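As written, the chain order gives the labels A, B, C and D, with residue 1 at the start of each chain.
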Amino acid sequence: MTRDMNVAIIGTKFMGKAHSHAWKSAPNFFDVPIRPVLKVACGTDESSLKAFAERWGWQEISTNWQDVIAREDIDIVDISVPQYLHHDIAVAAAKAGKHIFCEKPMAMNLTQAQAMLKAAQDAGVVHYINHNYRRVPAVMLAKQLIDEGKIGRIFHWRGCYLQSWITDPNFPLTWHLRKETAGSGPHGDLNSHSIDLARFLVGDIKSVVGMTTNFIKERSLPGAGAATFSAGSGGATEKGEVTVEDAAFMVVEFENGALGSFEATRFAPGRKNYNYFEIYGSKGSLIFDLERMNELQYFSEADPNYAQGFRTILATESVHSYVANWWPPGHIIGYEHEFTHAVVDFLKAVDSGGVIRPNFEDGVAETRVLEAGLKAAASGQRVMVAEL
Amino acid sequence: MTRDMNVAIIGTKFMGKAHSHAWKSAPNFFDVPIRPVLKVACGTDESSLKAFAERWGWQEISTNWQDVIAREDIDIVDISVPQYLHHDIAVAAAKAGKHIFCEKPMAMNLTQAQAMLKAAQDAGVVHYINHNYRRVPAVMLAKQLIDEGKIGRIFHWRGCYLQSWITDPNFPLTWHLRKETAGSGPHGDLNSHSIDLARFLVGDIKSVVGMTTNFIKERSLPGAGAATFSAGSGGATEKGEVTVEDAAFMVVEFENGALGSFEATRFAPGRKNYNYFEIYGSKGSLIFDLERMNELQYFSEADPNYAQGFRTILATESVHSYVANWWPPGHIIGYEHEFTHAVVDFLKAVDSGGVIRPNFEDGVAETRVLEAGLKAAASGQRVMVAEL
Amino acid sequence: MTRDMNVAIIGTKFMGKAHSHAWKSAPNFFDVPIRPVLKVACGTDESSLKAFAERWGWQEISTNWQDVIAREDIDIVDISVPQYLHHDIAVAAAKAGKHIFCEKPMAMNLTQAQAMLKAAQDAGVVHYINHNYRRVPAVMLAKQLIDEGKIGRIFHWRGCYLQSWITDPNFPLTWHLRKETAGSGPHGDLNSHSIDLARFLVGDIKSVVGMTTNFIKERSLPGAGAATFSAGSGGATEKGEVTVEDAAFMVVEFENGALGSFEATRFAPGRKNYNYFEIYGSKGSLIFDLERMNELQYFSEADPNYAQGFRTILATESVHSYVANWWPPGHIIGYEHEFTHAVVDFLKAVDSGGVIRPNFEDGVAETRVLEAGLKAAASGQRVMVAEL
Amino acid sequence: MTRDMNVAIIGTKFMGKAHSHAWKSAPNFFDVPIRPVLKVACGTDESSLKAFAERWGWQEISTNWQDVIAREDIDIVDISVPQYLHHDIAVAAAKAGKHIFCEKPMAMNLTQAQAMLKAAQDAGVVHYINHNYRRVPAVMLAKQLIDEGKIGRIFHWRGCYLQSWITDPNFPLTWHLRKETAGSGPHGDLNSHSIDLARFLVGDIKSVVGMTTNFIKERSLPGAGAATFSAGSGGATEKGEVTVEDAAFMVVEFENGALGSFEATRFAPGRKNYNYFEIYGSKGSLIFDLERMNELQYFSEADPNYAQGFRTILATESVHSYVANWWPPGHIIGYEHEFTHAVVDFLKAVDSGGVIRPNFEDGVAETRVLEAGLKAAASGQRVMVAEL
């Protein structure tokens, strides 16, 4: 029997929208053991919060997340705000016994992440970090091929996450570009996704070298509410320092001996949300590009020698993960579907008392690699991840 | 002010699902002048109908579409059943003054289509044929580039719609493969989409030559309820004749002098839902592939001679049609989104008393070309479309 | 033991250059049983002929091809002139007992082609029509996969040969655009290649429907010697009628039941030498694009259902035809290499008294299809190829 | 007036073949001021040397390169042997006043490279390092677009050179895998090419971090003459240590502030000769893939915002470097053509007393970066290139 559970969402911007849709669509397309009730939406600006709640069907609104977490009727807390708020909300939610569905990157630093994990473990709640790209069917297929041994011993990983939304020097100094709100730049924002995929597909990372850089060192302060993906208006003349990196590149050694690289930048014209990886192994190779996220390229050494080549698998068959619940073969899915997949699996974990991955343990491990990367870049030295 | 209008859907399979989602999601992502209320779902099998209605939130169910159309509180009729039922339902709905959102292909033949158009025009209702692919942002971009003169005089069109779901001889004789229920095979099912796109982008078609063929002439009768996209079980031993074509190819002359071709088949292994076109004009060229539906390829003669080439436009910018309501650049959308776009535009037309395209007029024009194609194939002679 | 044989080439333009290189390079890269001696080059303009001979190492020159063919020391005649001259030279060469390496298209019409074949057969000489694209390693691989049964029963063929060099209305009325010198336009020039590939890979063609058209009906007469691939200078004001088609599209039925299409045009901006085919069969599919001629795309139904997709085979392995004589894997070859392959196989046929394909028999069969296509387009009726 | 100059080639394997063809074909396709006479071929094994000379038309043979360099009639020395021999031959050739056409990588280390440069400068001879990929027309186009300012300020470079020919553990311990003959593994072999392209297109490199690794630490000793690209036979049981790296990855900072990465490996199944780069700049981006070497992908921020995308330029137009001397548009060239281009430019430099790039100065700069990379990998520390 399906039972109801009440969800409170904190955050109403880009992620608030994506998560709201996921809570709504999950029971339409999937058989879920728990029917999520969109109970309360929390935000700071009351009028936009009200419009958000009406649009998405959140029954109530609140501008005080502490109050909401304290409510007994809330079962699940969805943290959709920027990362500088994750720690406080997640710890409070855990202490209140709420299951936690938390956006990435997990936290501002390893200390915060470890505290969040401890709180969740102590409370025995289900905890999840929303690296949504694990649940792309084509990525699930990559995992399947690796687990089946089709790739063999993995030699190499390259994870690129390239965007271009701040190449314009007139793009304002939004919260993404300030250390106090974002922690870091594309390293935390984008490499965090790539590191999660690398850990999912290849394994843990042992040591790191790298460099970061800044191309534009100061920017105009944003007008009120300009923290969006479009450049702010021209009025502002006051400038502030960009305190996070513009690009972060790493070379890494995996525990299993694979040699890998990571590239994260917001200065790659032509790339919009280009989350891309290549994996080379003794029996085959894999390529994934989020901008063509329904496809996985697979090279197999097992093919006859005159007929080998990267094959482009359109991962829209009913045998591919999650696909049977959507559309027939060849009918592609898009960006928001992965959020729905995450909600489905989260609800199953809550129902069964099980575990969903990636969770706060994964988040801690990933944060450790992120910190190792920054330390390596700052020091010019190879950093052993385990020593952090 | 947003007002409510009641929708009745007839049909609960693949299209019933896609349409239900569209009615639900339109007000979430778009500002619509009318809020569609999911009032009644009609189907034949009561238990599956009930499950369908519960899943999607249809308030009531009915197994008698005539009753539903007769209800005064129904404003919009959504026809999501196979084409052999379109005529009767559409004519009845028009006579009852309901606005009509009708799946493609429009009808079984030109006579039916013309009757549907007349009924809708006489009643003054909004009528729409759901060639959803017009509303793919990349296709809208193709239209924009053509309208801006960027392609110049159009020389050529190729519209391929290739699938492969019946190459297995054990695939059963579903309703899609019988003339009495489907009218024709991939010609009506797939070429209808391509003809709609050709008319949208290039213009009307003047004359046609072509051939059709059958590769597998008889198939096992399906078990009860086996009319799905997956092959039926092996039990059935009785066989029946396939009475629609397996493939239909045409060469056509457009009114504007362009020379074009169409290919529709269900016998193209590797192609799942490969709705593909190429357009060549005096100033540029365009390529679209539904399996990569967020992309449009564009070649411009205006580029400098040493730097010309097909550019792959990822049509996910906020300047592209409908995109601003979804996600940031590089975050792709999928198959069902076009249904949402269609619902949004349909609701606007209903609200304003305006027209939405493609409508029954387009459906009649397209059906005329379809019939010309079948006549050309049967006779071995060039057929002038206007003479039908 | 390698022996020497003397070659005479007739024609010194584009094909004269490509053939000269092939005669020279064949013994460098391949072990050939006959060492071709570049004996005489024939042309019309003595000064350019002399420069041509010096550049390529032709020992002698002549402006009279009849004299050259009459020489006893000439063993092989290479016909590299436009098609309106093929018949006379080939018949004369055959009667003189010379082996014939002849450019495509074979002749101006079926009657000429049949006469050429008869002359060559009567004389017992080796005869070859240079459809060089058969000898692209990737095309040879397509043939191998088909012959091995990897594609199964073939359902569909599409052969497109798209170019764009005369979309500019100022391009002059060169010999390619006049019926008396070219016979036809892209139909004879380009569809001839596609028909040869279709016959090689799929089989013989049974019946044809089609259309041709003209977009630009008259053009400026060229200045002296302007018959090149670049537009003529602007001086000429006198105009003449274009007497060949600008584009020719066909739908065909193969003897084996496959349904196919052909498109040939010189009005496809963005396409330079786009000789492209797709083949769909019951067990797999193939795609080839001459502009990426080292690659073959292959889809196999034998791959596991979750890992199927078109694989891009880089046909540069030593197991691929001819490749071992060139470079290591991944080092691609280019356009002229196929001419070298043809020369190698031609010399082997001459040495062994064997047969090389495509030869004049293939040329006759292909010319029959070409004529059927023109007749179908002119009459608007389906034409049975065997009835010509 | 064209004059003759005598060439001596040292080395008769893969590069001997490629260079021989280049010396021969240059005067066929290009107007060169000097006609190279293939005078002497030097090798170690007399019988294979003789066959090589006969095949390619080298007039004489010698098994003593010192003798050949001492000959007064030799004008040009072509060094086509492995890198451990470059220094001695190049210094001797320079001292003898010969112009030097030298294969890459330049030398075993920076000290050797500097000595070679000094000898060549002291002698005043023309010196050239054969990084042939600079002369791919598509790469020349990349350079042109950068020089025209079309890419703007460069933010990022990625240079990957991925191969897979030693993933088989049974591949024997050829000279490529031993430090004493190869100096290093893919770092010297492949990263050297990428570094040359990076210096050509982006600029000089300031500092480096990186890692190298080995996947297979020992291999069977090869049978006599087994140093080829195909795996040796199974007989050998004695094993030896692999003393060069299997893969080398770097992150680098350019003098102009760009952040870049390099990846070189022989353990990337599916990649044969995958020399690939991406460049991102403030006004546009570029992508090149040697396995599709006739193409350059170019993204321009100057395109209208709704029509931006990577365009695939087929660099086969007569306006592209070197192309006018080959074939019409769309007729691609292959691997060996770049050697011909190099020979043409080398002969022009010799004729004019000018300079050709890359030369020994470039080779020294590139070798410095290579050494910095190895030092960074060994030390785990960021290395300033200028400090070597």
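Basically, a contact is a pair of C-beta atoms (placed from the backbone, for glycine too) under 8 Å apart; a residue touches a chain by one contact, two chains touch by 3 or more.
Remember, predicted model here, so these are calculated numbers, not experimental data.
S.K.: Give the fewest steps needed to get from chain A to chain D, where each step moves from one chain to a chain it touches.
M.R.: 1
S.K.: If you tally contacting C-beta pairs, which pair wins, A-B or B-C?
M.R.: Counting C-beta pairs in contact, B-C comes out ahead.
S.K.: Using CA atom averages as chain centres, what separation in Å is found between chain B and chain D?
M.R.: Here the centre of chain D sits 54 Å away from the centre of chain B.
S.K.: Using Cα averages as centroids, what's the distance between chain A and chain B in whole Å?
M.R.: 36
S.K.: Using mean CA coordinates as chain centres, what's the gap between chain B and chain C in Å?
M.R.: 41
S.K.: Among the residues of chain D, which are close enough to touch at least two other chains?
M.R.: Only 271, 299, 308-310, 314 qualify.
S.K.: What part of chain C is in contact with chain A in the complex they form?
M.R.: It is residues 141, 144-145, 150, 295, 297-299, 303, 305-314, 317, 319-320 of chain C that touch chain A.
S.K.: For chain A, which residues are in contact with chain D within the complex?
M.R.: Spelled out, the residues of chain A in touch with chain D are 153, 155-156, 158, 160, 162, 164, 167, 209-213, 215, 247, 249-253, 257, 259-261, 263, 265, 267-271, 280-285, 299, 301, 308-310, 376, 380-382.
S.K.: Which part of chain A faces chain B closely enough to touch in the complex?
M.R.: So the residues of chain A touching chain B come out as 14, 18, 20-21, 24-25, 27-28, 55-56, 163, 165, 229-230, 271-274, 290-294, 314, 316, 318, 326-337.
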